[in-house]
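Look at the two complexes coming up: chain A is in both, with chain B in one and chain C in the other.
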Partner chain A sequence: MKLSNHLRENLRRLRAVYSDCADVVFHDMVIGGHTPAMLVYIEGLIRLEELDQHVVAPLRDGPGPNPALQDIRNQTTVASVQTCGTIEETVEKISGGNPVLLVEGQNAALVFGLSSWEQRSVEEPTAESVLRGPREGFIETMRTNIAMLRRKIRSPKLKVVTLHIGTCSRTPVAVIYIEGIAQPSLVREIMSRLNRIEIEDVLETSYIEEWIEDNRYSPFPQLLSTERPDVASAYLMEGRVVVMVDGTPTVLIAPTTFFSLLQTPEDYYERYVVGTAIRWLRYFFLAISLLGPSLYVAVVTFHQEMIPTTLMLTMARSREQIPFSALMEAILMETMFEALREAGARLPKQIGSAVSIVGALVIGQAAISAGIVSAPMVMVVAITGIASFMAPRFTIGIPIRLLRFPIMFLAGMMGLLGMILGVIIILNHMLNLRSFGVPYMSPLAPMKNSGLKDVLWRAPRWMLNRRGKR
Partner chain B sequence: MIEKGKISALQMGKMIYLAITPTAILTASGISFNFARQDLWLSPVWAFSGVIAVPVVLGLNRMFPDRSVVQTLRDTVGRLPGWVIGGALWLYYLYISGIVLREYGEFVVGAFLSDTPLIVVLGSLVLVCALAVRGGVEIVGRFADLFLPAFLLLFLLIVLLIIPDLHITYMMPILGDGILPSMKGSLVLQIWFGELSIAWFFLPHVSDRENAKKSLWITFGAIILTLVLSNLVTLLLLGELTGGYSFPFLILARYIDLAEFFAHLEALFMAIWVLGAFVKICVFFYITVIGAAEWMNLADYRPIVFPVALLLTLFGVWVAANYQEMTHTISTSLIPLSFTMFIVLPALIYAIARIRRPGSGNRYSSGRTRK
Partner chain C sequence: MRRKRKDMLANGRRTAPAFLSLLVCAFLLAGCWNAREVNDLAIITATGVDLTEDGQIELSVKIYLTSPSGSGSMSGQPDGNKGTSVVRSVTGINMADAASRLQKKISRKVFWGQADVFLFGERMARAGLEAPMDFLMRHIASRERAHVFVCDGPAKNVLLLSPSIERSVADALVHMAEQQTGLNITMMDLAQMLISKSKAAVLPIVVIREEQGEKQSFPYIQGVSVIKNGKMIGRVNEDVTRGIMWLRNEIKQATVTVSPEQSDGYVSLHLHRSQTRLIPKIEGGRWIMTVRITGQDDIVENTSDLDLSVPDHIGKVEKELEKVVNTRVKMALGQAQKEFKADIFQFADNFYRKYPKIWEANADRWDEIFPEVEVRLETDLRIARPGLIGKNFFRQEQR
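Moving on to the complex of A and B:
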């Protein structure tokens, strides 16, 4: 609906929209001593002092009688002033934290870019800390986050397209890419998927993640989420697209492959030999965290000959008293471990340590001496637990943790063969997955030689032509 | 063509390598030994079927670049004969898949899960294969990408670890009875080398067709090399005993004992070998499914994957009463049968196509080219 020429009419509509909104302030004023005007803003979302100094004060003794909107605008000393002509737009601006000035006799309103609110200072993200490298992390304010990216990539080619998602929350969402590096078709695809979202509110990037990913039933994350500006800019330089949501420090990166979920920024900040070694260590322990307990179950139940004799005897001795089968024991202990971990994560820090002490005592010492579980089993569970902490991103660790259980069952039924079949089923799913058209397991399958130097090892920087990489 | 997926020439090569070597390493050496004796290692060199199969399928693909096998059959010999031959072809592939599956099942049951019913072992693998086959040629190709390195690494590891225990005298006298024994020993291998003609089914889906020729010949060479190596180490370790084992190469894995810790690698061997066998069965299963779907003029092959899977499991049980009977079949009647279907049939089709349209033109333009 268009704004009317009459201030009273506009105010009536705005008041109706903002009925029962105690935090919306309607500030009466008279421009230059003759023109009535109304300043509308939301308390706490604006810089009140600057509004006083740069808008209210200059306008009090402002332009002469019957001023044009441009005259009023020139009178203020605010850098960012926009005009808007409809009620809807005005409401959106006010709700977004911008003070709006409505003037008698004008069918347009002035919007001052003076929004500001309490925000967390830029800190190191706790989930993705590094020993070497930048320590800043994204915060809850999108404006600041975009500025952080712009500071890293100071090129006009860095494009930021914003849109609003959420019929109720109207959350600003930004799609960020580098023109000339990112495929235009990819950007179009992401925009069209974002536009298809029908949702009331967006509180976190995961809200839109579940809407735009390719396979909505997969346990695997198909978009990479990070809190680090350096990670986001590195992926931008590879031609990927960043999706940012106001109100959360986590941004999404698309497309994502399985192997990019297994990389950390430090792989690139450390020397390449170290980076390569750590990467292989990570792959190995990822396999352990998926297969550790099932391997133990399979070997103990079906393939005892694989274990050297002396070790076998020791294990047999410790298992002598145990009432459970290896499979039962493994499932019991793994479930216990997962429960402990979840309990520890949700508790306040002061009590959290109590859980780990009790847990260590219960599932460790007491269970063994009571003869309920065997010592090797506790070791296997502990090693698996450590291995699962090695997943560099929390999102990729979760499916691995979950899939451990069905594979344990298969190992208990058919030994190594069952494990293999289970792994093949998982791989089959992963090979079928795509993230915005990019096969999830690339560059390993389908194999792409140019990409392998960043998967099988971390090639030295002068060999990494990042732009050719997918 | 109802398959829309694309693979690279390299992927095709890997698929074919994994579609031939796993069972050849495991079962062929025992059968060959009975003819070739100490020249066992020489037998894979006489790979005549491969020498015929590769140029024939390449030629066929040159004449019908974007036509599937069943379409090619119809284009060359007419609708009804094409339909008959197409039916025979996919039924033959069903039978061969059954044999491959049974080889896998006998290996797993015989060497590891002796108390598990055969049908469970066969059924579980077929089920997993069916999931992969439903993904189409792209997924099978990616599995080949993924599993080939593991398979090769394990193979080379076993060969490397066994070297200290080899007796070079077991291969003497080289060509002691002339060239004939080794050639007789290679007779059974012609089944495996004939399998190179499965490339016929994959070539239309290769995106970089110009590399296909190179890829196929390299694959062919790699298969010969692998078999020579595996037969050589088997012979040099087991000598006269080679013929007595069902799975001589498994004995090698069992024999390895390094520092008391690297002992009894057979479970690991089985694990990796199953990965190879999985790709092998997937490839033959896929060909059966795609052949049947095109033969029945279906718009999509996915609906018949699970029915064919059931059929395949049954064929795995039906092909033979026991392992001895199956090796007997492989070393006798299967040789002429597979020679006919793998070599003679494509060669004949190629000859007919050439005669009806002399000169290797690009596209076979017959008035009857329909879907």
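Moving on to the complex of A and C:
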């Protein structure tokens, strides 16, 4: 609806919109001693001092009678001033934290870019800390986050397209890409998927992640999330698209492959030998964290001849008094471990340590002495636990931790055969996945030689043609 | 058309959960395939096969006791306390019969997968190994990599031992075999020898060293039993065993002491690499086998008056060494060709490989040909490292 020429009419509508909103301030003023005007803003979302100094004070002495909107605008000393002509737009600006000036006799309002609110300072993200590399992380304010990216990639080709998602929350969402590197079709696809979202609020990027991913039932994340500006810019340089949501430090990166979820920024910040070694270690332990307990269960219940004799005899001895089957034992211990980990994660730090002490006792010596679990099982659980912490990203760690259980069942019922069956099913699913049209397992399947040097090992930087990699 | 597809999709959505639950049921209801928990197993570490007086087979097994006995069981330590194994024997008309009777006598499932040692009693070996070998090679769980021995006496006696150094008698025998100071024959090797063209095999003999007290007695490997056509026909002593090992290219380590001519004292050499090649040749009806032994030695001790930093002296020692080795090889050859007439060196297969047609024509006559095969020895043993000192400085007259 268009703004009317009458201030009173406009105010009536605005007050109706903002009824029962105690934090919306309607500040009465008279410009230059003759023209009535109203400054509308939300308390706490603006820089009040600057508003006083650069808008209220200059306008009091104001332009002459019957000023044009442009005259009023020129009178203020604010760098960012916009005009808007409809009620809806005005409401959106006010809700976004911008003070809006409505003037008698004007069918347009002035919007001052003075929004500001309390924000966390830029810190190192705790979930993605590095030994070497930048220590800054995204914060909850999108404006600051975009600025961080812009500071890393100072090219005008870095494009930022914003839109609002959430019928109620009207959360600003930014789609960021580098023109000329990101494929236009990819950007179009992301935009169209974002536009199709029908939700009321977006509190976190995961809200939109579940809407735009290709396979909505898969346990595997098809979008990479990060809190690190350096990671985001690295992927931007690879032609991927960053989706940013105001109010959360996590940003989404699309498209995502399985192997990019297994990389850390430090793979690239350390020397390539170190990067390669750590990467291999990670792959190995990833397999352990998926298959460790299953392998143990399969071998102990079906393939005793596979164990070296001496170990076999020792294991037979330690399992002698255990009342449960190896499968039961494994499920018991793994569940216990997951419970302990979850309990520890949600507790305040001071109590968290108590949990780990009790946990160490429960799945440690006490459980063995009580004759409930065998010592080798505790070791397997411990190794698996450590292995699951090797997952560089929480999002990829979770599906692997969960898939461990069905494979354990299969191993307990059919031995190695079942285990392999489980692995085949999972691999089959992963090979089927796509993230915005890019095969999830690429560049391994479909095989792309140029990409393999960043998967099988971390090739030296001069060998990595980052642009060609997907 | 489109409508049909839509219907199918809707159907799929409805049937998918049903299908999934059926799949889960299939797994759960089928139970756990041949699952067996470790603590339901009677783990056999060694097996002995004997022939009783009345021609039955006596199967004895050494079972590892997994249940912690007595106090201190909770320590979880795999302590080496003795008596952790028990021996059970049964008799039956053949191996399978005995094995099934064995299961009747044991509360747990008999598990052959870890049986690393198979012992044949001397009487069994002399009666023939065909019957037990068929069972052991046919049986899924028994290991082809298990070590096979012939016992000096009943196999059960060896199983009853519990040598103090190792956890069980099986461990002791495996380790002794793997040191390769004597022959090291696995089930696979034995099977291959038995079905080879030469139809002869060798097996190491386990001898019990009796000491006072049961715990003190221990088994060790001494000598070789010669098997022809599946039956043991004789045994050879330790010196001949070395000769056999040279010929079979099984010498992995050896310390040879020689006494060089025109010098008093001895030089000891440690062989650290050796290879024996058999090169067959048929020349005008004469069957010739060239045995080429090459190797490298280190001098480990010199009590003679030779200065081993002088190349000539090294040559002298080498000659002497070759002479000693040749003597042993000739002893072994002599016994095999003349006394046992058993081709335990697998000459037959070498001839067959090179002259398949001639071999086929003469296959039936091999027993007559073998004793007459002319063996030419080409021994070339080198001294690679004479050690850090040349002369023995510690002999007064050498200073």
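Operating definition for what follows: the second predicted complex is superposed on the first by the 470 of 470 C-alpha atoms of A that agree within 3 Å, B and C clash if a C-alpha of one lies under 4 Å from a C-alpha of the other, contacts with A are read in each partner's own complex, and residues count from 1 in each chain.
Methods note: a residue touches a chain if its C-beta (ideal position, glycine included) is under 8 Å from a C-beta of that chain, and two chains touch if they have at least 3 such contacts.
All figures in this text were calculated on a predicted structure; none of them were measured in a lab.
K.L.:
Could you say whether A:F302 touches chain B, chain C, both of them, or neither, answering first, second, both or neither?
P.N.:
It touches chain B and chain C both.
K.L.:
For A:M441, is the partner it touches chain B (first), chain C (second), both, or none of the two (neither)?
P.N.:
first
K.L.:
Once the shared chain is lined up, is A:I424 touching chain B (first), chain C (second), both, or neither of them?
P.N.:
first
K.L.:
Any idea whether chain B or chain C touches more of chain A?
P.N.:
Looking at chain B versus chain C, the one contacting more residues of chain A is C.
K.L.:
Could you say whether A:N432 touches chain B, chain C, both of them, or neither, answering first, second, both or neither?
P.N.:
Touch status of A:N432: first partner only.
K.L.:
Using the superposition on chain A described above, determine whether A:S325 touches chain B (first), chain C (second), both, or neither.
P.N.:
So A:S325 only meets chain C here.
K.L.:
State whether A:G412 touches chain B only (first), chain C only (second), both chains, or neither.
P.N.:
A:G412 sits against chain C, while chain B stays out of touch.
K.L.:
Touching chain B in one complex and chain C in the other: list those residues of chain A.
P.N.:
Residues 302, 305, 414-415, 417 of chain A touch both chain B and chain C.
K.L.:
In their shared complex, at which residues does chain A touch chain B?
P.N.:
299, 302-303, 305-306, 308, 414-421, 424-425, 427-428, 431-432, 439, 441, 444-447
K.L.:
Provide the residue numbers of chain A that touch chain C in the complex, in ascending order.
P.N.:
Going by the criterion above, the answer is residues 300-302, 304-305, 307, 309-310, 312-322, 325-327, 368-369, 371, 375, 409-410, 412-415, 417.
K.L.:
Provide the residue numbers of chain C that touch chain A in the complex, in ascending order.
P.N.:
27-28, 30-39, 41, 43, 45, 64, 66-68, 73-74, 76, 78, 111, 113-114, 116, 141, 143, 167, 170-171
K.L.:
Give every residue of chain B touching chain A within the complex, in rising order.
P.N.:
Touch list, chain B to chain A: 7-8, 10-11, 108, 112-113, 116, 121, 124-125, 128, 131-132, 135, 138-139, 141-143, 145-146, 260-261, 263-264, 266-268, 270-271, 274-275, 278.
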